[in-house]
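Below is one structure, written out as structure tokens, with a few remarks after it.
Each chain gets a letter, A, B and C, in the order it is written, and its residues are counted from 1.
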Amino acid sequence: MAQSRETGLEAESVEGFTVSLSNFNGPFDLLLSLIAKREMDITEIALSAVTDEFISYLREIDGPEELEQASEFLVVAATLLDMKVAGLLPQGELVDAESVALLEARDLLFARLLQYRAFKEVSAWFGAGFEAEANRHARQVRLEEKYRQFAPELVWTLSSEDFAALAAVALAPREIPTVGLAHLHAPLVSIREQAAIVVTRLKSEGTLSFRELISGATLRGEIVARFLAVLELYRADAVSFEQIEPLGELNITWKADVWNDASLANLGSDYSGGESGS
Amino acid sequence: MEAELERKLEALLFVADEPMSVVTLATALGAPVPAVRQSIERLVEDYDGVCPSGVRRGFELREVGGGWRLYVREQFDDVVRELVLEQNPSKLSQAALETLAVIAYKQPISRGQIASIRAVNVDSVVRTLVSRGLITEAYTDSETGAIHFATTDLLLTQLGINSLDELPQISPLLDDGAEGFDGVA
Amino acid sequence: MEAELERKLEALLFVADEPMSVVTLATALGAPVPAVRQSIERLVEDYDGVCPSGVRRGFELREVGGGWRLYVREQFDDVVRELVLEQNPSKLSQAALETLAVIAYKQPISRGQIASIRAVNVDSVVRTLVSRGLITEAYTDSETGAIHFATTDLLLTQLGINSLDELPQISPLLDDGAEGFDGVA
């Protein structure tokens, strides 16, 4: 990990582009950089073209700080994948409720990406403004003593006890509001955590359909992460798939003989979502 | 009489160490606001050397951050730079600039709303902006308990503008992107 | 050319916080001392409105303690006094009192540390407390350059105590508070 980060820094100095995810401030930042690197406008084609690349950067997600952002990356990745998949399907089939949901998700992604780009562009104006003004010199000369004496005598009414009470209040930890954010900010979902759930269930049941496997997962991010976990386990040769007919029920069977916590911890480190997605 | 008001105004601006609103100046001068406003305009022209025999001074009177303040004229910044020991605050990160832009255009706005636009956790950046005095807690939503943030006059001063109206229009930026594909809200 | 020298000189004197010797000014301007001396003389006359169409400014250029500095002209002391009264109410604001309390219990403390505890920009409040003589600059951190503030004897006098040891204990709360704030990050 440390090595790839160093490589990333080198890349930045050379071609103004970095590999490490920690250099990107969120999924939109990464997505915009990918689009800019290929000198494309933001279009559906552009998004689909950079999907694989975007998802390959998800491999870089590591450490608590980045995991904290993982859910947002996952939501964007899922939408990108959906769009790519939909592009591969015959047009006529896109009429059910799921495809309407896909269109909505796609439009939302476009709108958010455009909004993000607008703020990013205007932030350059802020940067330039700060820089220009930092070079300006306002008159700022200490008030002469004779004028300072004009200030009225301080009226002090606090006892030392009052003063201590004031200090206690000022120094007390402030309540950090935790309410009301959940609907604005997708909660954090860890692929490994979801994989642990999948493994536990499969080991006890042997075979489960994907529908059964996601029962109990209420959040979209959880379902996405659980699906990615299944793909991961497949790559690790821990499960096998069976699907009788196209778009039919997907059955997953546990097949690993040896599986331990270390195997779980390694999960995702060799994750290559781009290929698995299509 | 009016000239006298200008000289008094000059004296006040000379001791001020932050932008002075017209009302503050008028109160200290005991003069009507419109008269003060006119005197300010004449002083600006005076220092700019607008009148025929006028001298373009080494300083100028600028309207920034909701008030008036004397500045060294830009062309002489180099001359004074060496003399003035300034501790310029460190530059803001790109993430901080972007967050600041979101707050400036969407204020008042909660941390969660900023996070959903930027798609990242913004807690530490918001703290930095608050301690720099560029944003402040505007109010706390009584239902959700979410603190809403707004920009300060110090932000305007540091950007060299007088009001939020002077921020660049952001809707054209959004429109530009929308061209080229349909169906975007 | 000479006029240009006067304008540069004007800009320099404008930002100078203390009297500037002719040699210091000449060095900063990269100009010969006699030329600077002449320019100073012309500026003095300029501000005094000596020439026929001249304006007697609200400020003047005076030689004090072996150097030159701009001062508000004495006849305008009254109006400056009004402004100082207006900007320094006899009672401290709640924000100033709270900040003072934080400094009293956490001293020596830097502006940034105060800001992170108070979750606001404290620059102007700290300036007020310094000008009121309630706090003073204790030392400057040699690494970060951050000025650390401490309270003065004036505060002790106001509180009716002899030393900081007599401040009522609030340590249990203090420790909790510190932890709470670390946790926020």
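Here is the rule we use: contacts are C-beta pairs under 8 Å (C-beta built on N, C-alpha and C of every residue); 3 or more make two chains touch, one makes a residue touch a chain.
All of these numbers come straight from a predicted model, not from anything done at the bench.
Think of the whole protein's Cα atoms as having one middle point; the chain whose own Cα middle lies nearest to it is B.
By number of C-beta pairs in contact, chains A-B lead all other pairings. For the pair chain B and chain C, the distance between mean C-alpha positions equals 21 Å.
Mean C-alpha position of chain A lies 46 Å from that of chain C.
Distance from the chain A centre to the chain B centre is 34 Å, each centre being the mean of its Cα atoms.
Counting partner chains per residue, chain C shows two or more touched chains at residues 14-16, 72, 80, 119, 184.
Shared interface positions of chain A, i.e. residues touching 2 or more other chains, are given as 137, 139-141, 143-144, 147. Contact residues on chain A toward chain C in their complex (touch as defined above): 137, 139-144, 146-148, 150-161, 163-164, 166-174, 176.
Contact residues on chain C toward chain A in their complex (touch as defined above): 14-17, 71-72, 77, 80-81, 84-85, 88-92, 97-99, 101-102, 104-106, 117-119, 131-132, 158-161, 166-170, 173-174, 176-177, 179-181, 183-184. Those residues of chain B lying in contact with chain C across their complex are 3, 6-12, 14-18, 24, 27-30, 46, 53, 55-59, 70, 72-73, 76, 79-80, 82-84, 87, 123-124, 127, 130-134, 136-137, 152, 154.
Within the complex, the chain A residues that touch chain B are 25-29, 41-44, 68-69, 72, 76, 103, 107-108, 110-112, 114-127, 129-141, 143-144, 147, 175, 177, 179-181, 184-185.
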